[in-house]
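These notes open a run of structures that come right after.
In the two complexes below, chain A is the common chain; its partner is chain B in one and chain C in the other.
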Partner chain A sequence: MTPLEFLKEEFDNVRRALDETLRHDYGPEQSVDYYHECEARLTDIDAEISRIAATDAAKIYTYLSQLSYVATFVSLIERSRLGEFSWPFADELRRIAKTLLAEKDLKGDLLDPIIHVVSEGQGYRIYYEAQVPVASSRRRFLVVAFPRSLKHHVLLHTLFGHEVGHTALFTTIAGGILQGEVLAALVAASPLKDLALMNAWLNSTAAHQDVKNELAAYAAQNGRPFVFTKENRELWLIELICDLFGVLLFGPAFFAAHRAYLQPLHPSPYTIKTAQPTHPPFAIRHKMLVQIMRVTGWDVPITSAADGAFHIAETEMLRFLLDDTYDQWSRFFDDADLRRAVAGVQKIFAPHGSLGYAPINPAGLVKLIERLTRGLPPILADIDQDGTPQLTDVRISQTLYAGWVYWIGRQHLAGAVTLDFLTTNRLCDHALLQQRAINYTLIAGVT
Partner chain B sequence: MPIMAAQGRNDARTAARLLASTAKECLDDPASAPANAVVLNNVYRLLEAYRGNAFFGLEPAASYYPAAETLSLVPPLEQYVSVVRDVLEQAVVTTFAGQPKDEAIAVIENVLKRIAYPEFGAPSDAEKKKVKRFFSEVVQHLQLA
Partner chain C sequence: MTMLGRGELIRRLREGNLVVSPLLSKAQIGSASIDLRIGNVVLMVRARGSSHVDPVAAKRSASSRKSHEAELGRQQKHERYEIPFHSKFLVHPGSLALVPTLEWLQLPDDLHGSVTARSTWAREGLSIATATFIEPRYQGIATLELANMGQIPIALYPGMRVAQIAFVRVEGQTARIGGQFRMSFEPRQGRVADKDDFPFIPSS
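And then the complex of A and B:
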């Protein structure tokens, strides 16, 4: 078999794989665009293969790579099963991603990404296409991977806010702002201003003892001191920008998930993990989020003392978030710089109306929590005396805020039922589903 | 251990070379450009990423992803993006000496737009020549060792 024959055989195999797909339950309006994009890419590759000379080894190699790339996306078609993830949440992510991640083409037309949702063994991830695009790509694929074991845990799914940030960084419109004013604000006066400052910060006498021990162990093992590289600095900046993005997208519900999910994974909140220092220590990330809560004013309860137990529960939840006993060494940013960074991200959300987090009104929050105490999904859909439903558009970040208030403050809330974490999540998941129906009704003006 | 290195299947240099060589061919024969609008649009995406993305070329180490994730059916980690970035950088300097990067990229993108979509009007010969030289530089420096 010659290399060109092998390439042609590979093409037929991928084509057959595509033909054999679409046997599963992918959800409405989700797989057609994806399928057509794969088909179009294969058609282009087919046309090019027919022109390749049998002796052109470089081109054969190039098209094997391009084909292999499409093959992975073809394989992913059948990895999307509605029964394995929260599809109301996935639907919301799809809406956010389409709005935020559209890009302009050469003509200036807007192209939406094609969003594909799967469940995976690993944690929350969004896979966006390569930085150097393949030649046949029309619209870009964006694959959202939910952790399979956390199928119903919508309170944790807000962590996707961070992952959306990663993708937004690599788009032309949102990425331009994140890499412009947001990045400038975060490097203005922080240890991330340049590599020398970052290394000085790491080696300062104020560093936590865990870090000093970590650095000593590295030096003993490698015979030289640890130093950050340019790449480490850039990765840390990216992670912090994405945390900022996540909290401004989903609000305190993101922060609650961030703390609940990440804190247990960091027995020491200070260590930098010298083997792979890809992420800032947990303490730095937590401290930044606490500061953001304060500069946005989200550290103040929505409810008031007059709301009794609901207020106490909310205060308890905020205490959980704002609890910050970490060393000052892990404070990277001035409030003023963070305010500028926040304004930058909010500029991305502004043209799209209800995209970023905005607090719900006090009465609405009380009603949402009260429904949870009765074992009901947190929605606002009272029936009035005439039997007419009074429907309200509650944003996903507001529903999940109520969910976290219930969960953290539940010991203060009297109710018919006491929910465990899974049931709290499932009720919130149902609420997102019902909210979608409510929003359709509101848009159609049926009431 | 897999039978070959993962990066063998996702080498940014080959993808970039294919884009640049197609752009060059379209400049040689502008009549072929409208039929290659999809490829030229991907050249545009690459140039925009290079122009506007401060993190373009940043490649997390392969060890960033735990071994189990290699079972995931997503394309292998993209390699050599930083090489592509450096080649683009050098080609801008060589072809558009003294001109700011943003301006140079705008000229290239404008020429690509005009050949892909003739309704926007033909680019000048001087601009076409310059842009062709740019892509020749890119192709030449992305030849695989």
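And then the complex of A and C:
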């Protein structure tokens, strides 16, 4: 078999694999687009292959690589099972991604990405095609990967806000703002302003002892001191921008998930992990989120003292979020700069109405929490005296805020049932599903 | 036996004593019943999953420690589909589909629920054949056992009203320890035989 014959054989294999994916049952949305996009890319590759000379080893290699790239996406089709993740939440991510990540093509038409959802053994991830291969169709793939073990844990799924931030950075409109005014605000007066300041911050006497030990160990092992690189600085900035993006997208529910999920992964909140310093220490990220809560006014309870136990529970939840005993050394930003950064991100959400977190009204929040205390999915769906439904569109970020208030403040809430974390999540997940039905009804106006 | 009429249903729903939620249209509350909508999960018996239903297997599974075989039997019996809104699923003649209601139910001590098909769908051959009673204090979705008794397949969409539940008042104390399906989020395979049945079931 010659290299060219192998290339053609492999092409047939990938096309066959694509067709075989249709044996399985997938979600109704996107699978058609996804299939067609893969097919279009294969057609482009097929046209190129037909022109390759049998002796052109470089081109044979190029198109084998492109086939392998398409094959990766083909295999992901079979990795998607609706039963393995929360599709109401996945649908919300689709809505967010379509709204925020649409890009203009050369004709000026808006092209949204093809969003594909899978579940994996690892953490929350979004894979985004920053560059579409040359010989291909125009739409980008965006693969959302839920952690398989956390199928129902919608309270933690808000962490996707951070991942959406990563993808938004690649887009023209949102990415332009994030890399422009948001970035400028974050570097204005922080140690991230330049590498010299960053290294000075790392080596300052105020640094936490864990970091001093870490740097000493690095120097002993490598025979030279650790210094940040330009790439390290950029990666830290990206991570901080994405945290900012996540908290403004999903509100305090993002922050709660951030703390609950990430804190256990950082035995020392200060260390920079010299082997791979891709993320800022947890303490810096936490401190920034605390500051954002304050500059947005979300540190103030929505409920009032008159709401009794619900207010106490909400206060407890906010205390959990705002608890910040970390060294001042890990405070990077001035409030004024963070305000400018927040305003920048909110500018991205503003044209899209219901995107971005906005606090629910006090009565609504009390009602949502009260339903959880009774073991009911937190939705706002009452009936009046003649049986006419009184339905309310509650945003996902508001439902999940109520879920976190219940979970953190549950010891203050007298209720018919005491829920464990999984059941709290499942009720919230069920609420998201019921909310979809409510919203269809509201849009149709058929109550 | 007193069946609750529309006025009493509304009163109890508003007080929170009875929960059937969400109700999406005024017409969902009838003169003495409440319509129920299809939820988003369908369980259908997997043709290759098991040869027949046999209480002996249930007894063996209950008396042994968690084993691969027992878990395999439980997990493989049904094909489970999640059906988002605006997607259809077909119930073919002679087949049985277990479907949750969209509504979350919570019954007080003194009410008993009885689920039947809406007459419109019954006339098309759609039957809600089994386990129509919902006990006092139950909370969770109700499982609809949909069977197509007609000659042609029936397409159904999540959110459609296919069933109805009527409530009757129960007298006397109703507390019972540990029903099978408390706080149920979706249909599950039931236990066809329990401790009380075991004396009547051979061991193998």
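In this text, the second predicted complex is superposed on the first by the 440 of 447 C-alpha atoms of A that agree within 3 Å, B and C clash if a C-alpha of one lies under 4 Å from a C-alpha of the other, contacts with A are read in each partner's own complex, and residues count from 1 in each chain.
Operating definition for what follows: a residue touches a chain if its C-beta (ideal position, glycine included) is under 8 Å from a C-beta of that chain, and two chains touch if they have at least 3 such contacts.
Because the structure is a prediction, the values reported are computed rather than measured.
Applying the stated contact rule after C-alpha superposition, one finds that A:322 touches neither chain B nor chain C.
A simple residue count on chain A separates chain B from chain C, and the partner touching more is B. When the shared chain is aligned, no partner comes close enough to touch A:189: not chain B, not chain C. Applying the stated contact rule after C-alpha superposition, one finds that A:377 touches chain C and leaves chain B untouched.
Contacts of A:91 after superposition: chain C is touched, whereas chain B is not reached.
When both complexes are overlaid on chain A, the residue A:262 reaches neither chain B nor chain C. Contact with neither chain B nor chain C is seen for A:177 once the two complexes are overlaid on the shared chain.
If you check the complex, the residues on chain A that touch chain B are 44, 58, 61-62, 64-66, 68-69, 72-73, 75-76, 79, 103, 105-107, 120-122, 127, 130-138, 143, 145, 169-170, 172, 175-176, 179, 183, 231, 234-235, 238, 275-276, 278. Note for the complex: chain B touches chain A at residues 9-12, 14-19, 22, 37-42, 44-46, 48-49, 52-58, 60-61, 63-64, 66, 68-69, 71-75, 78, 81, 84, 109, 112-113, 116-117, 144.
Looking at the complex, you find that chain A touches chain C at residues 25, 27-29, 82-83, 87, 91, 374-377, 379, 381-383, 385-389, 391, 423, 426, 430, 433-434, 436-438, 440-441, 446-447.
Those residues of chain C that touch chain A in the complex are listed here as 6, 10, 13-14, 16, 19, 21-26, 28-29, 37, 39-40, 80-82, 84-87, 102, 104, 106, 139, 159, 183, 185.
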